[in-house]
């Protein structure tokens, strides 16, 4: 089968899909087909209407509801199929819409911030090669560099907190803790995940920030260091629970195999369990990184709100602005290009986190096929 | 075995995987079991002795008052229907049951006369001396070489790697010898000697199982416990493993669980029959057990009336 | 069976769980298989007939040109080593293989002379007529009563619930009778009649398996396929199930897969021996197969040389 | 009690108030047009009146809203009217009306009195953000009233004409924008700064207190600013730095609202900030500012004070309303907006809401001209109370 | 080869050396606690402890710990103490020891000796290198104790000698000024030293070798787990303690004091903070509108996301062939799940607001949170359905039951526990979200009780499509997390609305925490319950 080319495979796949649809059409009785068709078309129309902000949206929607109701009574099997299919498609559409809308809004400022390198005009480039953000005084610039710098610092610090502590806690939970302890610690970690970020932000703003300003004798309050620590603590539960899953999915037989040649639990963990779960654990850390990047409120209330690079760049005792806090802080009065610039921040966030998420999934998928497959 | 009760009370405070106070109710059960089977006097030394072994999984009584001596340098087969506690018993012998949270072990097991269920026992040392091969092959996802040298390395018997090399303490040669010896013992050397750096997961099932045996041998155990080592294998691989077991019995004490009675008959010197409820019903020379079992239930079992 | 090739080409366009064009390469394999076994002429009617059945799981050829007639109202046992395709064959008989994406079935199976691998076959009806009991008991996590009445209810044979009661179509009485009848047939009534509303998962393994048999009987099938129905059970439960199977054979056509040769010998009227590679090697009267197998490999297998 | 918003007035026909119109707006894709308007039918729109914007105006606006929603009876004496213990200032000047508070102001614009405490003819709510947001929101029709402490022309960079054609500028009070420092700075002897020094600080030329003449306090200056787009920030740039788009590289932190600035000043040593009068306190102390030789002191009794109208940072506090085509008479208000704003334009409103929050009341002449503006919709003469 | 041959099957009783090692571990525990206390200013650095100046005491204890650790190692090397050390402490330990020495070397060279950056790097390299070699080369007992013991003793000496006293300060000399103060450095250094000391001591307690490492690692891992739990506990306790006074102001208990429910029944308790809004005439102000807003937000999001998510999960698990498509959906939903909430906010702002009357509204908030909840519902439902054993489906199919009937009668009921738990946990998360509603729903800061949304009562019929309107849904309201945000940004100057603004804010935080955590508690409890049920049956 290895000689089959890619196109042939694709063709075959397309053919299969087509065949499936044909089978479905063949096997289904015509009345049901009509109902299914009406449901699909009316919903689609309603959706288009909604997108176009049309006041007729409601009509196809009513048709959809009516057809679904009728179909449910008369042709439940087919209606259920088409309904669940619609729901799947809607979910995908939402993702698509998110992409379309945040990208669309960010276009003007990308054009505005065009920069020329080697005679080539690169739209949006200026946002990354210089660091000036000033929406008020000339020249008006919407650089993303300060926010990217801020997000980067916060994320690095958060990862330094959440990564080791999270993996250690995951090891503890999956390999070390006695059952009774686990019964308490696990929900504890989950509860930690439930504490709203604004509560962290509140404590950070009122307690931590003044304290930190005092300890490091900085001018005023708000530092990436402490935002990073707070965000790291917030990302911790994600790391713990995903890493714990990865660790406990290492087959018991592998661990037993190691113990049975007379190794200590710790040796088994470091030499067998962790390497075997390595990809899952790194996926966990990656997801934690994603959380840290996307965290908004703690950063918004704790940072200084002046989009500027810290001086020197490694000065984590000052915290200016992150991508998320920029949006949360400025969406209110921003209009025109400034608003669009916020959408650029949104696009950067979205793409980064999406890439991380896909990376994490890829790693996990690799792990699963490694542990489950070849053997 | 007259001192069984005494041994037991010595170890009474020793419970495993559970902090419940020891229950002292298993006495009657033991008596009852005792009646049913005939003691077996084998030739040679007893390498391991289990006395009044009771295992509970939560409320489930998986092993009831099992007492049994395992002679040195021979193959002891454990047979019995599914769920009768063979694996449980086996795992008591190197305390792998400690890994199961729900498991509670009462009673005594001695290795060369040393009680292994007592405070201060060095599990690492115990498991080095009492090795184990599992039902389905479980090589580590490492190279064949690393699979073999894993145990000795962790014990510090072999040092390799960057630091060792920097410090001029590289044991690569010793490692090579060890790998070769272990693989040869496990009758795998010829098949894999030219691809020692390949991932062990790429081997066939039978090869993997022999690799696991080699891995077990690499730390030079005295007793080898095998839990249905051939159940996942095809007939040819099974035959190889059976030959291997016969060879091993010259140097090691082998205890093997099998659900295949023919296999037990073929390879073992003595056979212990467990029946449902976690009781050891009969124990004796393999030939005698298969040809002339003393218990009716064992006869039924062997003749395939159930199981 | 001379029209086997013809039947095959009739159904050639009908492939299941896969839309690949049918491959026409299995011919030789069939011939090869044919040589090895002797045709078996049994008494009575053939309830089901399989001809030249080939099953692939992806590239894996799990069943090779199996042709076999299953006589009415008797117990047919399928034995053979693990992985030889017994379950695969069984699942062809009620097209449960359709549920496995990778599976591709070629060949013909007829029920009362009607080809079941053809377009337009009503799977719901087929599976009502050819029921199945699985290896491990799989009652629904519902009450005992609901387990039994599940099938008839879903087929609309019984209507209960609020709406039915409001419309005055309450079939509670019919349901009660059906439950009682099915449970009695499955020899479970006495044990559970006073707790029909308890969750079925609370029953013991053997009871659960009999419940599954009762559930299967509740839709009044003609053929009952059983895939190692007793493998997860203890001897006592096994004995009960075996008795039950003997009873069922009076009214139903029973096909049973077992890995326990003694069991096959005890309960079946005819036995089919599959060997590795998915080939049916011998098929005949149970007594003949066990006492005087014609093939050397079958003899080896039955005498425990492998498997 | 439940809700008394849209549900109440929504009963009569197609009227439905702001919210059903919003539903329709959803359909006809020109949402802002019909927003929060009375559709010219018989009934008056009694849906929720919402204001949003300036944290400077917020104290005035929000206190007003709270009073309005309380709809206190004239027997109250604390909030409205008079009793044996006290009389609310300004009540008598209104002619001692014998009606509940909101009833009284609302009926002037044709609303039915509810005669029920805590249940005004229509409810009001005020959101807290800053001027830029308020101006944005009101021009986009998101809210009825946009509070702003800077002129909308500067906030949104509009021309004067555009502003006049799009919104009505209701000035309800004045602020003498103070420059404040933290108490440790006061203790270090900084009680006055020159305009130049303040500018130097905010333009990053002066970074340590000891760079100020005559001050021996080695402490980095923590220069706190308001969000870009806030009225306070705009006015400060305009009046202190010389232009609404003047650069401010010296700012260390920006906060969205005055309240937060006040908190930051009291929490951090060496702070300086510009804000609104309502937010000064013992830990947030205004300093005197010396503009070209004239020292404006934070003390009301001094010769030149920051409360004077010639204090360069003095500014108007606005409540903008959107001019909408379909308002009756095409004016800049619907009746709710007019009724609510009118409450501030008299002795009562100025004393309680403006002075009560430490702001500067409008001179009578200004009050009169403001009243002129809102009277278009009134059902009775507003000029004579 | 190493001399690891001497291990015995049975260890002897606890020996005196064990006791010494254990005491050393104990000493590091004490130091750890002291360091944490000093870090959070529970112990004053300038003051005294047990009659000794704090820094001096810390220095003394550190020296004692360092000496004890070092002596233990040397004793073991000389054979006074019975241990099974490996031939080397290993790479990890070497790096572990090298790092602090690297830092110290750098600091001393560049700052104390004033050699500048180059000198600093050189000093760091020398000190770190020596520590590395001193750890890696000798036998494990010496390697893993002496360099660390020296580190502890060195730090102790620095404290004891007053080189770093309570008034010590190191200005980093950066453009944006920052300094390392003794207030920070002393506790932080003590903390790290205590961890190192504890680790080395635990290794010694385990007699080095494999078991020693095991012990050393376990001490750290346990400490980490303990710290996380302690952190959780302190965090919650802190909010509770701060929030309770505000929450409890004006509480009354007794017949008839509470607000009316269902017309006539009067609650016997009156908690103004959760039963009032903010109004001029109130004796006590509260956040009722925000609580109700949160409830409606959650209800709306759940009504939107759960059917959609479960439906999609059914399609993906039961109907769709597993392949590219399902994989793509999986990738998409996982991506959606990790998308930052503020991006959802932006999306809602750009997509929903123009479609719902161009203003922030409850409905827009509900849908935005619904979008956020959707992927979680889908993922958990799918997982729950995948974990329903195929045997049930087979059993049903074998009875001749059609697919949808099987899904409805067998799969869904069996998957319900998983779905429910997932939804509840997801709800806990969205209930605490601020960022998205900031952009899509946020209304007034101090909402009067009279403006509490009443979605049910808000429905009305209209003459034009869509014939049903609900102004309440199209109006902005408040929600707890937004309320807290608004209170933070409103700072101390809440004006006349609230008499004790700080108490009011903490009480809001407490109520928010309570609401969100109760969702979590229910979710975790439900999972526990379902699991136990499964296990029992």
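Letters A, B, C, D and E name the chains as they come in the text, with residue numbers starting at 1 for each one.
The rule is simple: a residue touches a chain if its C-beta (ideal position, glycine included) is under 8 Å from a C-beta of that chain, and two chains touch if they have at least 3 such contacts.
Just so it is clear, the model here is predicted, and its values are computed rather than measured.
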Touching both chain A and chain D (chains): E
Two chains joined by the most C-beta pairs in contact, as defined above: A-E
Mean-CA-position distance for chain E and chain C (Å): 54
Chain centre separation in whole Å, for chain E relative to chain A (CA means): 18
Chain centre separation (chain D, chain E; CA means) in Å: 40
Centre-of-Cα separation between chain E and chain B, whole angstrom: 44
Per-residue multi-chain contacts in chain C, two or more chains: none
Set of chain A residues in contact with two or more other chains: 20, 53, 55-56, 58, 219, 263-264, 267
Sites on chain E at which at least two other chains make contact: 177, 210-211, 321, 354-355, 402, 405, 465-466, 488-489
Chain A residues within the chain E interface of the complex: 13, 20, 50, 53, 55-56, 58-59, 76-77, 80-81, 83-88, 90-92, 94-95, 97-98, 101-102, 104-105, 165, 168-169, 171-173, 176-177, 184-185, 187-199, 201-203, 205-206, 214-219, 233, 236, 263-267, 270, 287, 290-291, 293-297, 300-301, 310-312, 315, 317-318, 324, 327-328, 331, 342-343, 346, 349-350, 353-354, 356-358, 360-361
Interface residues, chain A side, partner chain B - complex: 178-179, 251-264, 267, 271-272, 275-276, 370-371, 374-375
In the complex, chain C residues that touch chain E: 94, 96, 99, 101, 123-128, 131-132, 134, 136, 138-142, 150-151, 154-155, 199, 201-202, 212, 215-216, 218-219
Chain D-touching residues of chain E, taken from the complex the two chains share: 177, 278-281, 354-361, 442-454, 457-458, 460, 462-466, 469-472, 474-476, 486, 488-497
Complex interface listing, chain A residues touching chain D: 53-58, 134-138, 210, 213, 219-222, 304-306, 329-330, 332-335
